[in-house]
Amino acid sequence: MFAFIIRRILQFIPTVIGISFIMFVLLNVLPGSAALMTGGKEILSPEIVKKLEKKWGLDKPFHVRYLNYMVGLAKGDLGTSFIRGDKVRDIIGNRLWPTLKLAVAALAIACFIGIPLGFYSAVKQGTWVDTVTMVGAVSGVSMPQFWSALLLMYLFSVVLRWLPTFGYGNGDLKNLILPAVTLGIGYMALLARTTRAAVVEVLSQDYIRTAHAKGLSVLFINGKHVFRNTMVLILTTIGMQFGSLMGETVVVETVFSWPGIGSLMVDSIFLRDTPVTQGCIMLIIFVFMSVNLSVDILYSVVDPRIRYD
Amino acid sequence: MSFSWKNIKRRTNLLIGSALVMFVAGMAVFAPLLAPYHPTEDANILYSEEPPCEQFWFGTDIQGRDILSRVIYGSRISLSVGLFTQFMNSVIGIFMGLMAGYFGKWIDDLIMSITNILLSIPTLVFALAVMALMGPGLINVFIALGVTNWSYTCRLTRSQVLSAKRLNYVMAARALGYGKFRIMFNQILPNIMGPILVISTLGVAGAILLEAALSFLGLGVQPPTPSWGGMLAGAREKLFTAPWISIYPGMAIFLTVLGLNLFGDGLRDLLDPHITQQK
Amino acid sequence: MKRMGLGLVVLALVLGFYSADALAVRNGGTFQWIAPYGISIDTLDPAATSDDKNILVILNIHRGLFGWDAKNSTYKLDLAESMTADDDGLTYVIKLKDAKFHNGRTITADDVIYSYNRLADPKKSFASSHLLVEIDGAQAYLDGKADHISGLEKIDDKTVRIKFRNPVDPGFQLWRYGTAIVPKEAAENEDFGSNPIGCGPFKLQKWTKGVEIVLVKNPEFYEPRKPYLDKLIYKIMADAAARDMAFQAGELDANLLYAAQYEKFKNDPKLSKHMMEVPEMFTRAVRFNPNFTLADGRKPFSDKRVRQAVNYAINRELIVEKYAKGKAYPARGFLAPTTPGFDPDCMSYEYNPEKAKQLMKEAGYAKGFDLTVIAGTSTAYGAGVVEAATPFLKEIGIKVTIDKMENAVLYQKYSDGEFDAAIASHSSGPDPISIMYRFHSNSPRFKQRGETSQKIDSFEQIIDLAAATRDPAMRLELVKIANDILTEEAVLWFYNYNKAVIAYQPWVHDMEPVGVEMMYQHMDNVWVDETSPRANQK
Amino acid sequence: MTNALLEVEDLKVHFPVRKGLFQRAQTFVYAVDGVSFQLNKGETLGVVGESGCGKTTTGLAILNLVRATSGKIRFKGNDISEIAGLPVPDQMRIRKELQIIFQDPYSSLNPRMTLNKILHDPMKIHGLYPGSERQDRIEFILKKVGLTPEQGKKYPHEFSGGQRQRIGIARALSLDPQIIIGDEPVSALDVSIQAQIINLMVDLQEEFNLSYIIIAHDLAVVEHISNRIAVMYLGKIIETAPVAQIYHRPQHPYTRALLSAVPIADPRAGRHPIILKGDVPSPRHPPTGCGFHPRCPECSIDCDIKPPELRSLGKEHYVACHYA
Amino acid sequence: MTELSNRTKRPLLEVDHLHTSFHTFDGVVKAVNDVSFAMNTRETLGIVGESGSGKSVTALSIMRLLKSPPARIEKGRILFDSIDLLEISMSRMRDIRGNRISMIFQEPMTSLNPLFSVGNQMSEMFVRHQGLTRREAWNRSVEMLEKVQIPSPGKRAREFPHHMSGGMRQRVMIAMALACDPEILIADEPTTALDVTIQAQVVDLMMKLRKDYGAAILMITHDLGVIAEIARRVIVMYAGQVVEEADVISIFEEPRHPYTRSLLKSIPKLGDASTHGRKRLQEIKGIVPSLADLPAGCHFYPRCPHADPICRQGEIALEEPAVGHRVRCIRHAGL
């Protein structure tokens, strides 16, 4: 097992280098310069633009910049933001917690509603419960996030006035509900469908028939045998979802003015603030990779057949 | 899995799915006949933001253009983006998947590490960066979405090839002297098209949502071309004064994507022998 | 040329504003205000930014020698007690009011000199450093040729002498908040941008990045009895739809309206009573590139008649009413109505498609030509406006293709002159002469854009003369003439002036319509009565 | 006998098991561990053994469907152990001569190809029976395996298990090979269908003078169809002889146990089988010396030290046991 | 009710005119039609038949393990100790399953849940049926593993199914089935997936346990050899029907039904070919009939060497020409 973890971490490094190179090239080739964007409505004169670009080291040749960046990355220094002047680490740091809160809440909705729904509709296959859940799940997956966000916001904030409208507030739960639900719907639907497929497959296995032949009650069989085996099957989906969740929150964060990593990344792309964008990407990849690794490790814990040597 | 009509009939989601998709495809093909006005030419600023009335069933947008016509013509953009990008994704994905699955060893490792990289970068962000590089425009959207999203198809193809490789008729083909590529393309590929078709259908749905998100963030097709995502982006602030501007394009995206997803699910049930026995 | 009494509108509006407030001023309460321009505030260091999204907060924490007087739409003395000009018209002696920084230290002339030298420090290359170029020796210091600004001299603790290199009005040079006076002991350390010490009416209490900035009352503010409010909270909200709902739900005390909301508020009897509008000093216009050559080699925009035809062809009043939902003032010329020297009866182009066609025929473009217009993503002055204008230009044969792009790319192409025509928002105030100087051939902006600007000799003579005269009344006359030349030459397609609109809750009083930028609200004047839900919130 | 049609000499197939930090192959699965035998023209060699003894891997190695680790395979004298390296025409010529029939009728046919196409393709690749001659050849083969030309247009899922096995045989015959390897050709069929296929294969052998290598775990079927038998255990041949000697005078204790374990369809038989202790050891770490010694009832002194060589007992009867 | 032969007390299990069919989209598949037989205590009854003959479906119908949407027990009764298993509630049925009637299946590799240890899955039986605590149940499980000759049962109980070979797992299944000392053990092709030597071990174990536990065994297989060895009475099924029933000797030595006769002739017997030279096996022509559209009259008609048009008129009844020997063929006498 230990050798496996080391190997996975070693595989981590070329991927991170690969991604950082691709994104570094892509972001630095974009037309338009960050300097122009510091002027707000005023279009700055060329001297100021040149001075700023020299200050940020944008005048050095490409490979020198890339090497400096990678050396910095190795030392854990993500550089300073062109537009904001602060250290990238701090900017990302205080935006990490809102995104994590949103991601965890959305995933919680997905897991605590999606999985039971999927489980129940698979066990009650063919009944109206099954059809309703699955049609609901398909609709959830098909809903464009920004449209559902606006509908929810309109319904709950203005018409019913139950929930606050704008973004983060001082971080209390009330503000989290709407964005988390909007983000969660898609993932809940996906999880319901995956769980249903997994349960259907497990129910058709021979060992379930053996369990029935042993005279065990349906509740016991579903609770112990079916549930445990289903969890193993859907573990990857949950891992994949949480891994990619960090990057998928862009649209929801924009509509709800939620100060997260997703909207920060898109804003920095528009403002050509490369160090911040690059920093966000590194964070997202780090989360994605570590979630995948922990899912694989969890696998060997849950499923004795899987032995990493 | 016989394809008798009785067999298809009971596939409700396949039916509803294909009905919706046919409806949107019809809308795209017969747009000039169906649309009461021209989506970009008939723009009369006097009728800016008229609510749905007898003259404009879906009302007008801020430029005074009939929203029903733009929704109808918008189907062309969304479907072409969906179909074309997924076609590119599938072609690249299938080719890479075949190579990785059939040859294995270092080719497999190389392709797998590439897909690892592509999968870890969020698709929307990668597409945004590519769009920012090339600037808005339909062809650019094709490229941005067509080149970044083939990892899923590649992984699925690879796993299907790995299992098909061990089947007896493939071994028999090798014994009969079939060449590598003949085995890949006329022995293995036709038999794994089922699952690939399913994931491609769901891929089209995904591409349409992505294009809408891109336009929503301001990097979709060039104005005044009507794209559902673009219409939605513009209408965001107006949700309270002119909600009809955003409701109808949003509904259009939702129904199209729903249709494609239902069609994909129905296809999967039809092709998956396991499900057919039990129903 | 129609003599529409625009001026009357401005006057009526300003008067109407004052009559309503006979109530007695009340102290205390919390004000929920907004920071609408972007998803985060970058820095609160006045020198480090020239972006309005930061300055609208900074101006309530820091103050400079001069400030902006919204009522008379010109500069006013702020920290400066008095200003006397020497005979050569270049040097000014300024006496300071007795005022304290938030850390309790009284402000002296040394602080003024330190603040200006810090702003122009070549090593830091601050975003607002260009504001001091007119001070003698500042450019040398900026270019690293000197180690401080020579034109600044301390006479005694409370007076300082400033020498300018050209005969300029110091107020117009130094009113911007980038030139605010900051204490050396605080400004030196690294995180000054995150916890600022200034001399303004409010002090920073808490800043949750990307969420909100909470300011509290500075009890020793140099203006007696001000500020009235105990606490001022800036909610960072980029999305207009979310802001609008917050305002309607009563969670915001005032809100900057977008075009969509403006129409709803205007038609609402209750809401329209608590709204204030002002023409901001931003003129939205399409810039023609005289070197734009057609396939057959002709350069349409080098011919004045084509440029005039475009101005006659497009019905800007209808576009303003229908597209901008009335949230703008149709443009009469380059200078904004609130810019000193604006003549309400100046020449302007009314919608006259026949004349436009006739001018096109005279210029030899009866069949028109194809034109690509580059445009940004803004709703007020981006691709949307060009889309609205397209049908009108089709009438006179100009077939328009829109090349919408990100603002970063637009600004790049705009400053490199890579366009046939481009729509953008041009600042047109507050100092009329320096703002119109961009059309003068030897101004850096003119050269910077290659030959994409039209050289007009008569205009250049008038502007040079105006710059030289010292009599204020005579300067304004010359400014009016220069503005009319620009209009007659139709250097741009004049679309509109931005109408900034703030809606405020009934319990809010004494907010002012600020022409230079609506969000530059001096919150020390503002107060809330008992009916506010936050009347007694500390 | 040098003029044997097929000679296999010390064939070894070891699958590496990758472990450790850098996935180096530390241990191996010794699937086939030194197998040698010969096959003459028109002869049927039966290969029997329990699952995991390497009989299928041996068959696949001969056909180059699995890479042999070492050892020589000669067909009519020329070496065919590694045909991948040879130029394509040579590969084709060798491929033509050796064909295979599989156990599972459902996965041995490409579901997307009609019967005609299944037979047509191989001929096209090898350029045999050009033009109209090809259709006649196909109809001839179909008749030979008991199928009608009309069924040519049908797809595999429209046939029963037995019929599919006939198609598999037809496909093998399409290139008129000299050797056909049957990997459990009838094990997946019902008893009544099994008899049809066995009789068919015997008839075809006589008519086309084919040589068979029949791999199966059902000893009765193998006895019926083979001339010579090879019994395999843990990747090695432990006994080989003409069929009568194997069934009536088995020398190796494992062969004896194997024969005694087969249930006889006669209630009066009243046999008492030799019950072996434990399970077949895993080919990943085979026991020392003779592979069978942990389970051998007659195991004695150096069985677990020196691996026994295959030695002759006369009349072509070979056995790999110190005490046989 | 079938006419009972001269048994003194009531049979342990009576299957009476059982009809089970599958309602799939391609039509109704009559897997079991009109099957009747009886089983006494401590008796070993063998059911032999080819695939699709309905032998497994019969067993699953007795245990009511068939999934109801496609499968449906049309009519018939299954009397067990004077209880009709088809009428009682599912909860009462579950008390009987594993406790009084238990079953083992063909595929040892997939019949055990890979995620739980062998001991865990064993002790479930004791907890469910005998209310033992987990500790007691675990000890009883280890004892059972020892009874089925599994070496070092204590260690093995903690292991997972994938650590064991096919033979070992089948022994675990047997131990699990016999845990609660059932009256009937149904074995559905228990040896088919095993190698010959392992098969011999399992058959030997079952015969030994039959003495210790006294459970009646319903042995279902297509291997006539296994039937000859283990069964006392044999039922031959074809296309969902019982075509012949007799004691094991009569079946092998005086088979009356044409199908049984040609079946016995078509299988190669060990030692025959090498002694009397290779002669052609006697084939049964044609293919197994599809249960969706069964031919009228005798289902074996298309493949029967003695077929005669009268075989196609109406249903063929099960006659009992000799005591305990029943056959469903109207021309059996003349053969």
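Residue numbering begins at 1 within each chain, and the chains themselves are lettered A, B, C, D and E in the order written.
FYI, contacts are C-beta pairs under 8 Å (C-beta built on N, C-alpha and C of every residue); 3 or more make two chains touch, one makes a residue touch a chain.
Only a predicted model underlies this, so the values are computations on that prediction, with no experimental measurement involved.
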Separation of chain D from chain C in steps, with touching chains one step apart: 2
Pair sharing more residue contacts (C-beta pairs) when A-B is set against B-C: A-B
Between chain D and chain E, centroid-to-centroid distance (C-alpha), Å: 32
Between chain E and chain C, distance of the C-alpha-averaged centres to the nearest whole Å: 93
Euclidean distance of C-alpha centroids - chain B vs chain D, Å: 49
Centroid spacing, where centroids are CA-atom means, of chain A and chain D in whole angstrom: 53
In chain C, residues with contacts to at least two other chains: 239, 241, 245, 406, 409
Multi-partner residues of chain E (at least 2 other chains): 69
Interface residues, chain D side, partner chain B - complex: 60, 63, 65, 91-92, 95-96, 98-100, 102-104, 107-112, 121-122, 125-126, 168, 171, 174-175
Of chain D, residues touching chain E in the complex: 50-51, 160, 162-163, 190-196, 198-199, 202, 217, 219-221, 223-225, 243-244, 246-248, 257-269, 273, 275-276, 278-280
Residues of chain B that touch chain C when the two form their complex: 43-46, 48, 62-64, 132, 135-136, 218-219, 222-224, 234, 236-242
Complex contact set, residues of chain B against chain A: 13, 113, 116-117, 119-122, 124-125, 128-130, 132-133, 135, 205, 209, 212-213, 216-217, 229, 232, 236, 239-240, 243, 246, 250, 253-254, 257-258, 260-262, 265, 274-275, 278-279
Residues of chain A defined as touching chain C within the complex: 30-34, 36-49, 51-52, 55, 83-86, 91, 94-95, 98, 150, 153, 157-158, 161, 164-171, 254-257, 259, 263-264, 267, 270-272
